[in-house]
Amino acid sequence: METKRSPKNIFVQGPISPESIAKSIANHSTKTDIGGHSIFLGQVRADEKEGGKVTAIEYTAYEDMALEKAFEIREAIFAKYPLSCMHIYHSLGEVKVGEICLFVFTSSKHRKAAIDACEELVERIKKEVPVWGKELIDNDGSVWKENL
Amino acid sequence: METKRSPKNIFVQGPISPESIAKSIANHSTKTDIGGHSIFLGQVRADEKEGGKVTAIEYTAYEDMALEKAFEIREAIFAKYPLSCMHIYHSLGEVKVGEICLFVFTSSKHRKAAIDACEELVERIKKEVPVWGKELIDNDGSVWKENL
Amino acid sequence: MALTSIQVIAFGMIAEKIKTKELVLEYMPDTEVLLGYLYQQYPDLQHTKFSIAINKKMAVGKTAIPVGAEVALLPPFSGG
Amino acid sequence: MALTSIQVIAFGMIAEKIKTKELVLEYMPDTEVLLGYLYQQYPDLQHTKFSIAINKKMAVGKTAIPVGAEVALLPPFSGG
């Protein structure tokens, strides 16, 4: 039997609540070697589309591959930066305009590592993790998002 | 009479609570043109010092100048990046190890502006805002911090 | 699923265009043969950007499809 | 405070070294004269890094001190 660290779940059904973010921050108060936290939050925008306005994004994922990929990215970022902690949460299902769909959280002794790692994590997640967002429009239509 | 936008208070007595951070995040759910938030949090470390371990940092500031400077930095960052929102909170008085002493929060339509602005804000606050941290040691001594 | 068949799963816009999330096809040796079949069967896909993953790894260029592999059709990612 | 006096406020490590947060001195025309006085009166400051702010603006090099100015002695910042 092969033994290895297994991918952690990153998916949350529906929006990520500010309360869960606060809880995640509070959980780090016992880690007294941490000097800086960097957090990125993705929020659903009410973009204007042909025919109407975005009211929500419906997220789906190739979950098994997404968790493997997130794990691979996680290991690479841990190897590259001196981090104390790293957390990734992404919504699945419907997230309404103004709600949070992505929560990336890095912590380190000195600020630079946390800040750089967080930015790189966000870029890699958007580019490499198989998740799709379908923008739901107020005219009952929909548009598949594409990351730039 | 000169009319101008006046500096906002950035100071909080004691630590910044995770709950207040959650509240600040939640307050942005009505701003539906925001697509990304970037947050930096400074946390007090239990560094080893000659003679003992840090148990807290006692912050003091030249408050009037600090608010003027924070305002000047704020205006410069708003002019440089297409931001929707920017918030700065810094502790005064005692902040214990593991607690949050700095909360910098930027929001924008696309992630890049929020991320870059947040990093620049943190650097400028540490370098230019007259705040001093005195590390309290568990042998009842103290050491004045110096930002690198 | 027989060893001589190939399971193809589709996501997002691709699933919408082929009107199913799962196909079971006769075994095909590589991604070029698979693409040939898909373009024939679903001409709409010829104008759609997508990638192929084999056993959860992105396949770049002509790639062999192992027997029993999980093959996935992935439109451009748009998470976050 | 008389117009011919100058109010000096001190922070952090400097306040500790001069053992007060506030000094009222006879008027001095610029920061060089002020530094000369301070180094004389508090020799410890000669080995201490600090800056001078005049009316809440950092003074770089020899800077005139306006009558009635608020002069501040600022050790290196360590916020955040």
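Just so it is clear, A, B, C and D label the chains in written order, and each chain counts residues from 1 on its own.
What we mean here is this: contacts are C-beta pairs under 8 Å (C-beta built on N, C-alpha and C of every residue); 3 or more make two chains touch, one makes a residue touch a chain.
Model, not experiment: these values are computed from the prediction.
Participant: Work out, leaving subunit B out and holding the others fixed, how the remaining chains group together by touching.
Facilitator: Connectivity check, subunit B excluded: A, C | D.
Participant: Could you work out which chain's C-alpha centre is the most distant one from the centre of subunit A?
Facilitator: Taking each chain's C-alpha mean as its centre, the farthest from subunit A is D.
Participant: Could you give the separation in Å between the centres of subunit B and subunit C, each centre being the mean of its C-alpha atoms?
Facilitator: 49
Participant: Go ahead and note the Å separation of the Cα centroids belonging to subunit C and subunit D.
Facilitator: It comes to 73 Å between the two C-alpha centres.
Participant: In whole angstrom, how far does the Cα centroid of subunit A sit from the Cα centroid of subunit B?
Facilitator: So the centroids are 24 Å from each other.
Participant: Round to the nearest whole Å and give the separation of the Cα centres of subunit A and subunit C.
Facilitator: Each chain reduced to its C-alpha mean, subunit A and subunit C end up 26 Å apart.
Participant: Which residue numbers or ranges of subunit A touch two or more of the other chains?
Facilitator: Residue numbers touching two or more other chains: 42, 111, 122.
Participant: Where in subunit D do residues touch at least two different other chains?
Facilitator: If we look for residues of subunit D contacting two or more partner chains, we find 80.
Participant: Show me, using the given definition of touch, all chain pairs that touch one another.
Facilitator: A-B, A-C, B-D
Participant: Touching residues of subunit D toward subunit B in the complex: what are they?
Facilitator: Those residues of subunit D that touch subunit B are 9, 11-13, 53, 56, 72, 74-80.
Participant: Which of the residues in subunit B come into contact with subunit D in the complex?
Facilitator: Residues 42, 59-62, 64-65, 68-69, 90, 101-102, 122, 125-134, 144-147.
Participant: Quick one: which bits of subunit B touch subunit A in the complex? Just the residue numbers, please.
Facilitator: 18-19, 21-23, 25-26, 28-46, 97-100, 107, 109, 111, 115, 118-119, 122
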